[in-house]
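Can you read through this structure? Questions will come right after.
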Amino acid sequence: MGIFLFLIALLLFCGFASLLRIKGNNLIGIMGPIAAFAGGMPTVFTMLVSKSYIQQSINFPFPFGLCNFEFDIVSAIFMIPLLLIGMTAAFYGGCICKPEHAVPGRPIWFFFNLLMAGIMLILVSANTLMFLLGWEIMSWSSFFLICTYHRKNEVRTAGIIYFIATHIGVLLIITAFLLLQGQVEDFNFSSFLIPESGIASVIFILALIGFGAKAGLVPFHVWLPEAHPAAPGYISAVLSGVMCKVGIYGIVRILLLMPEHQPWWGWILLLLGAISAVYGIILALAQQDFKRLLAYSTVENLGIISMGLGMGVLAAEYDMPDISRLFFVGSALHVINHAIFKGLLFMAAGSILNQTGEHDLNRLGGLLKRMPSTATFMLIGCAAICGLPPFNGFIGEFVIFTQGLECLTHESWYLPAAAVLMLTALGLTGGLAMVCFSKLAGIILLGEPRSRAAEDCIPVNPGLRFPLGILAGLCLCLGIFLPLLLSDFMAWKISLIFIILIVLCTGLYFWRRKLAASAHNRTGITWDCGYVGGSNRIQYTGSGLVQPLTRFFKPLMLRKKSVKIPSGIFPDKGRWSIIYDDLILDAGYRQLFDAIKNICFKLRWIQSGHLNRYILYIALVLILLLIWELL
Amino acid sequence: MNLFIVFFNVALAMLAAPLMWGITYRVKAWFAGRHGPPLLQLYYDIAKLMRRGCVYSRTTTPIFKIAPAVCLGSVLVALILMPGAGISSWFGFKGDLILLIYLLGIGRFFMVLAALDTGSPFEGMGAAREIQFAAFIEPSFILVMAVVGTSGGGLSLSSLFGGTGYHNIASTILAAGAMMMIYLVENARIPFDDPDTHLELTMIHEVMILDHSGPDLALMHYASSLKVWLYGMLVVMIALPTIGLFPFWLYWCALLVGISLVAVITGIIESAMARFALLDIPHILLGIFGMALLSLAFLLYR
Amino acid sequence: MITLFVVIPALAGIFSLWIKTTVSREIMIMTAVFHLLLTVFTFIYPFEPFYNGWMAINPSSQLFLLTLSILFLLVGFYNRDYMALNSRVSRYEAQQNCCMLLMFSAMSLVILSRHFGVIWVAMEATTLFSAPLIYFHRSHTSLEATWKYLMICSVGIALALLGNMLLSYAYRASGSPMLIDDLLPIAASGDRNWIKAAFIFFIVGYGTEMGLAPMHSWLPDAYSEAPSPVSAIFPALMNCAFLSVLRTGEVCQAAGLGEFRDEIMLFFGIASLLFAAIFIIGQKDYPRMLAYSSVEHVGLMSLGAACGPIGMIGSILHMINHTLVKGMLFMISGNILAVYRSRNVNKVGGMLQVNPPAGILWLAGFMAITGLPPFGMFISKLLIIRGMLNSGSYVMAAVVLALIAVIFVGMLLIFIPMAMGTPPSGTSLKPAKPRLRWLLFPALISGLISLLLGIYIPDSVYNLVLEVSEIFGR
Amino acid sequence: MINLIFAAVILSCLMLSASSRIKTCIHIVAFQGAAVSLLPLLRHHIDWELLILALIAALVKTLILPLMLFRSMRIAGVRREVEPLISYPVSIAISLCGLSFALWLATRLQLTETTGVSHLMIAAPFFMMFTGLFLIISRTKALTGIVGYLVFENGIYLFGGVLGLEHNFIVELGILLDVLVMVFVSGVAIFHINRKFDHIDTGRLTSLSEDTAEGER
C-alpha cells in the first residue's frame, strides 16, 4: 500500500520538477511514469496471485480527516493498464523528436504525471473525498493534455466539449457518493450504510451516467471522438487505454459498495453496452480520420466490457455465481487487453501522423513498405483488436461468449433473452470490427500511396518503435499464454491450438516459398484488365471499402455531403466528399445547449438597464414575500 | 481415439474436399445439358498450379505471400476441432465452437488484406463485399452455434452428436436451413455470388484472388475447397444429429455422402436460380439471422 | 481598543486626502497591515467589549475581520502597482484612496458592532463611500453605474431601516432592545409576525448590498465600471451584508423561526443561481461575467446557510474562498485590461502567448472559481450540496446542480478562449511592462491561499469556522 | 386630531400619484415632511430630546430638502411635467391597490396590547412607502425619483413615529437617511447627470444593460 502512496508522491514530485527551468526537466517528467511502472508492477502481481487486499488509513488535517486507502484485486486489475500504458506512452513521448506540431514541452509532462497520480489515487482510495480529488485532478489534467495544441480552434472545441462532459459527469458522481454516504459523518467507504432500494437505484443511475460519461458509453460518449484526434498520439493512448477504464472502475466500485443489486441494473448495463458496441463500431468504420476511427472503436470496446459487467450482474441475480464471476473475469481481461492494443494502435497512429501529417486515411497507403516496423506492429494491433487468434484480443471476448452460451441453459426467461441479445450484439460487433480494421490496415499500410505526403514518408526513429514493439510483443504473448490462467475450462488447449496454428502457418509459408523458388517467378504490375492509364488514385479508398455498410446504416449517422461539380468551358477541379458525423452530438447535445442558450438570451431583457425596472423587481419581491409569509 | 478422430477428419477433408467442387459443377453441367468438367478437375488445377511459377505485382508486400498460408492453415486448424463418429475431437473443449468461428475469421482477414495489398480496384471491391457479408452473417453463425451448443449441452462442437435424435424438430430444421444459407454465403455461391461470371466486377471471392498465381493460387483454391468441406460437415451434422450414432466406418461414409449431397443441392440451387441483386443481399442475410434466432427460440422456450 | 479597528482606517483615510497621492498608496498598505496585526492580536488577547457591548469581538467577527484585512492588504499592494501603471497621477486618486479607507473602516464597524442600529449605520456608510469609487473614471457609463448603485442601494438601506423598526417593535414588551446579545435570550418572547416581516425587510434590504437576485441589478454595472482594485474589495462588502443577514437570521432562529429563515434564504439562493446562469451564458464582457459569478456564489452562500449545520460550515468556507478567488480574478482582469485595453471577451485571446503568467493565473482562477480541486471552493461546494441532500431537499439539489452545470459551461466558454488560442487579429497589444508581472503577485498570493484552503486547513482556522457555523446555524 | 393627520397623509399620497407637476409634488412632500416630523409631539409627553429631534427633522424635511430640490430643478432646467410611464388614472388605481395592500398588511401585523396604535396608523406609513416606491418606478425623471424616495422614507419615519421608537436611536437613523438623500441629491446625482448628459431623464440612462451591452464599450 505504502508503495502506491509513495509513487503518487513521486509522480507529483516529477510533475512539479519537470516544470522547473532546468536542464533535462523533460527527462525528470518521463522518469516519473517509468519509475511508477518499475515500482508498482511487483506489488500488483503479488496482489493478483495472492488474491488478498491491503488496507491502510492515514489521518490528514481538515478537510480530509481520516482517510482509508485500499488496494484490492479490482484496483490491481485496473492498475496494470495504468502502469504499462503510462510507462510506454511516457517513453514514446520522450522520444518524439519532431513533434506533430510545435509542442510546449514542459506542461505536458507536468500534466502527464498529474494525470497518472490522479488515476492512481482513484484506484487506491477508499474514501469519497480522496476519490473525488483524484477524479478531478485526472479530469482537468487530461483536459489540459487534450488542449496541448490549443492554438488550433478544433482542438479547443474538443477540449471544451470534453470538459463539459466530464464536469457534468463529476457533478452526478459527487451526488451519487453523497447520497450513498447519507447521514454518515466520515467519508470512508467502509463506514457507509447500505441504502434502501429506492435510493440505491437513484445512486446507481447517477453513478452510471457520471462514470459512463468518462467511460464513453453511448449516449455519453460524445467527447471521445472529438478529444482523441485533438490530443497527441501517446496522450490519446493514455486517455483511451487508461482513463476510460477508470470510468468502468467507478461503475464496478459502486456495484461493490452496494451489495444488493437489482436485475434491471444488469439490463441497463447490458443495453448500454450493446448500444455502445454496435453504434461505436458502426461510426468507427464510417470515419476517415483514423484517430477518430480509433476513438469510436474505444467506445465499442468499452461497450463490450460493460456488456460483460451487465451479464455478470444478471447472472449473479439469477443465482449463477460461477458464471457471473467468469463474466467479470472476461471483462477484466478485456480491460487489460484493450488497453494494450489500443495503446499500440494510438501510438502507431501518432507515428503515422507524425511522419505524414495526414489525418485522412484515404490519402495514405503503402506505408508497410515505407515504415516497416511501425506498420507491422500496427498490423498486429489491428489483428488483435478484431479478436483474431492467436492475439490477446481473443481471450476476453471468448470468455464472455462462452459464458453467454452457458446462460442460455438457464431455465428462467430473462437470462437467456439477455444472453441472446449479448451474443447477437457481440457477434455483429466482431464482424463489423473486422471490416473496420481491415479497412484501417489495408488502406493505410497496403496498396500504393494515395498522396505525396504518404509517398515520401520516412521511418520514425527507433525510440518510437521500441514501445510499440513492447506492446505488440505483449499482444502475441498474452494472446498465447493468458488462457493458461483460466483454470475454469480446458483453456490450455486454446494456447496449444494457437501454437499449432502459428507453426502450421509458418510451415506452409516456407513450403510454398520453396515451391515458388523452384519455378521461375516474374514481377509485374497489378492486373488491370489491360487498362493502361491507371494512377494510384483509382485504388479502392477506405470510404469505398465500407460504402455498402455505411449505406446500410445511414439512418444512424449524420451524413455531411459536399459536392463541387466542375463546370464552365475550362472547368476547375471538382470535389466530392462525404463525412459521417455523430448524430447524438449534433442532433442531441448541440440542440439542447443551443436551446438553453436561446432561453437565456430571450431572458436578457430582465437586465434592461432601466432603473425603474430594477426598483420594481425589489418592490415586487418584497410584496411577494410579505404576502407569501404573512398570509 | 480422439486423436484418431482428428486424423480421420483432416485426412478425409484433405482428400475429398476438392471433389465437392467437381460434383457441384457436374450437376450444373447436367442441368445445362452439357458434359461438364471431370469430377477431379480441381485436383488437376491444383497440381498444375503447384508446378507453375508466380507473377507478383510490384505493389505487393509479404502480406500477399503470407495470406495463402494463413488461409490454409486456419482452415486446417479449424478442421482439427471437428468431432467425428459420435466422439469429440481430442482438441475439442468447452467453447471451441466460438474458436472455430474466429479461426475462419483469420483466413478471411488475411484474404481481404491480400486483396487490398495489390491495390487493384477490382479486388478492393471484392474485399468490400466479402467482409460486408461476413459481418452480416456472423451473428447468425453464432446463433446457430448457440443452437448446436445448447441442444446437446456441453457448449462444444462435440455436442453436435449430443442430442440423440430429433428432440426438437422445428429448431433442427431451422438451424439446418440457416446453416445451409451460411454455407452458401461464406463460400460465395449463387444466390449470393456468382463465381463464374466472365467479368470480375460481379464476383466476390474469385475476384479477391485475381492476382494470386502459381502455388499461392493453388493454396487459395485448396483452402476454399476445404472451407466448403468444413461448412458442409456442419450442415450435415446439424441436419442429421443421429449420424453420431452410426458405427465408426459407416459414419465416415455417411459423412462423405452427406457432404456430396450438400454439393449436389448447391449445384441444383445454382442452376435453378439467379444471383440476387447486390443491394438486396443484406436484407436476405437479416432473414437468415431471423431463421437462426427462431430456431434458438424454439429450442429455449419450448 | 476595539475602536482602533474603525478609527485607524478612518483617520488614515481623512489624512490621505491632504498628503501626496503616491504616499497615500503606501498609507493604505500600512493601514491594512496594522489592521491585520490587530486582528491576529485578537486571537491572542481577547479585547473587552466597547460601550456595554455595542462593539465586541466574537469568533464570527474575528473570521470576517481576518478575511477582510487579508483581502484589503492584497488589494492595497495591487492598488499601488495598478495606479503606478499610468504614468501621471489621476487627480481623483487621493479621493479614491480616502474613500477606500473609509469604506474599510465602515466595513470593520459592520463586522464588529453588536447593535442592529450601528450595523445599519455602517452599511449605509459603506454605500456612501463606495459611490465615488464607482464614479472614479468620470465617464458617462460610470456615472450611470453610480446613479443606479446609489438609488438601488439606498432603497435597500431604507428597507433595512424598516426592518430595524419592525424588529425593535416586535420586542416592545421587553423594552425593544437592539443589542444582539440582549435580544437572543428573550428572542422567543417576540411577536412572530413582526419578526417575520422584520427579517423579510432585512434580507431584501441587506440582500441588495449583498447582491442577491433579484436585487442584484446594480452589481454588474458597478463591477464593470469601477477600477479593478475597487472591484476587488467589493466581495468584502458582500461579506459584510451577508454577516448582517446571518445575524438577523440568528435572531429568527432563536425566536424559533428557523424553517422560515431557511425557506427565505433558499428562495434567494435559487433565484441568484438562476439569474447568474441566465446572464453568464454568452456574456461578452468579462468584468460583468465576474459580477454575475459573484451573484452565483452569494446565492450558494445563502443556500448553504439555509441547509443545516453542514451547509452552514460550507457557506462560511465558501465566503472565505469566494472573497479570495474573486479578488484574485478582479486583480488579473485589471491586468488583462491593461494589456488588451478591452472589456470585450472576443477582443481578448491567447493570453498564454501574450502574457503567460497572467494566462496561467487566469486558468487557475477559473479552476478555483468553478470549484475544481485542489482549490478550496471544491470543499465548500461539496459541503453545501451535502447539506442540501442531508436536509432532504432533493429537488432543490437537482435544480442547483443543473444551474451549477450551466454556469460552469458558460464560464468555460468565456475563460478558455481568453487564455488559450491566439490573440485576435487587429487588437493593439500594449507591450507587457515588467510592472505587470508585479501586478500579478497579490493575485498569486490569494490564489495560493485558496489552494491551501483546499488541501490543508489549519485546525485553529477550522475550529473558528466551526464555532461561527455553530453560532449562526444552531 | 391624530387621525385627521393620518387621513391627510393618505390623501396627499393619492394626490402625489395623480399630480402632473413636479412643483406640486415637492410641496406635497414638504407638507408630508412637516406632518411626519411633528406627529410625535402630538402623541407623547414632550421632553427636550424629543422636541429637538422633531424640530431638526422638520427643518430638514420641510425646508432644506424641498429647497434643494427646487434649486436643482433650476440648475438642471427641468421641465415642469413629471412624465409618467403610466397614465394618471392607472396610477391612481394602482395606488388604491397599494392602499388596500397596506391595510391588509396592517391587519397581519397584530398589535397585542393597546399602545394607542390603530391599524390605520400602521397602514398609513406603509401606504406612503408604497407610493414612494411607485413614484420611483413609474416616473422617468431623476428628480421625481428623488421625490419618490423622499416620500418613501418619510413613510419610514412616520412608521418609526407611530411605533413610538423615539427612545432607541431609530429616529436619528431616519435623519441620517435624510442626510444620505441630501448628499446624493445635491452632490453627485443631479449635478453630474445634468452636466454629463444635458438631460436628467433617467429613463434614458440605459447604456449599461444586457440586451444592448455586448461589451463593445
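Order of writing sets the labels: A, B, C and D. Residues in every chain begin at 1.
The criterion applied here is as follows: a residue touches a chain if its C-beta (ideal position, glycine included) is under 8 Å from a C-beta of that chain, and two chains touch if they have at least 3 such contacts.
Keep in mind the model is a prediction, meaning the values are calculated, not measured.
J.: Can you list every chain that touches chain B and also touches chain C?
T.: Looking at chain C and chain B together, the chains touching each of them are A.
J.: Find the chain most remote from chain D, comparing centres computed as mean CA coordinates.
T.: Centroid comparison gives B as the farthest chain from chain D.
J.: Go ahead and name the chain pair joined by the largest number of contacting C-beta pairs.
T.: Chain pair with the maximum contact count: A-B.
J.: At what distance in angstrom does the C-alpha mean of chain C lie from that of chain A?
T.: Here chain A and chain C have centroids separated by 43 Å.
J.: Based only on mean CA positions, could you tell me how far chain A sits from chain B in angstrom?
T.: So the centre of chain A lies 36 Å away from the centre of chain B.
J.: From the C-alpha centre of chain B to that of chain D, how far is it in Å?
T.: 98
J.: Would you kindly tell me how far, in whole Å, the mean C-alpha position of chain D lies from that of chain A?
T.: Chain A and chain D have C-alpha centres separated by 68 Å.
J.: Touching two or more other chains, which residues of chain A qualify?
T.: Within chain A, the residues that touch at least two other chains are 604, 606-607, 611, 613, 615, 618, 626, 630.
J.: Name the residues of chain D that each touch 2 or more other chains.
T.: Residues 108-109, 133, 136, 145, 202, 205, 207-208, 210, 213 of chain D touch two or more partner chains.
J.: Could you tell me which residues belong to chain B and also touch two or more other chains?
T.: Not one residue in chain B touches at least two other chains.
J.: Let me know each pair of chains that touch one another.
T.: Final set of chain pairs in contact is A-B, A-C, A-D, C-D.
J.: Could you pull out which chain C residues touch chain D in their complex?
T.: Against chain D, the touching part of chain C is residues 117, 120-121, 124, 127-128, 131-132, 135, 140-141, 143-148, 150-151, 154-155, 157-158, 161-162, 164-166, 168-169, 172-173, 176-178, 191, 193-194, 197, 220-221, 224-225, 279, 284-286, 288, 342-346.
J.: What does chain C use to touch chain A in their complex?
T.: Of all residues in chain C, those touching chain A are 147-148, 151-152, 155-156, 159, 193, 196-197, 200-201, 204, 208, 214-215, 217-218, 220, 260, 264, 267, 275, 277-279, 281-282, 350, 352-353, 367, 370, 372-374, 378-379, 382, 385-386, 389-390, 397, 401, 404-406, 408-409, 412-413, 416-417, 420-422, 454-459, 462.
J.: Write out the stretch or stretches of chain D touching chain A in their complex.
T.: For chain D paired with chain A, touching residues are 85, 101, 105, 108-109, 133-134, 136-140, 145, 202-203, 205-213.
J.: Would you tell me which residues of chain B are touching chain A in their complex?
T.: 50-61, 63, 65-66, 68-70, 72-74, 76-77, 80-81, 91, 93-96, 98-99, 102-103, 105-106, 108-109, 112-113, 115-125, 127-129, 131-132, 134-139, 141-143, 146, 149-150, 153, 155, 200, 210-211, 214-216, 219, 278, 282, 289, 293, 296, 300-301
J.: Enumerate the contact residues on chain D facing chain C in the complex.
T.: Its residues touching chain C are 108-110, 112-113, 115, 129, 133, 136, 142, 145, 149, 152-153, 156, 159-160, 163, 165, 168-170, 173-174, 176-177, 180-181, 183-184, 188-189, 192-193, 196-197, 202, 205, 207-208, 210, 213-217.
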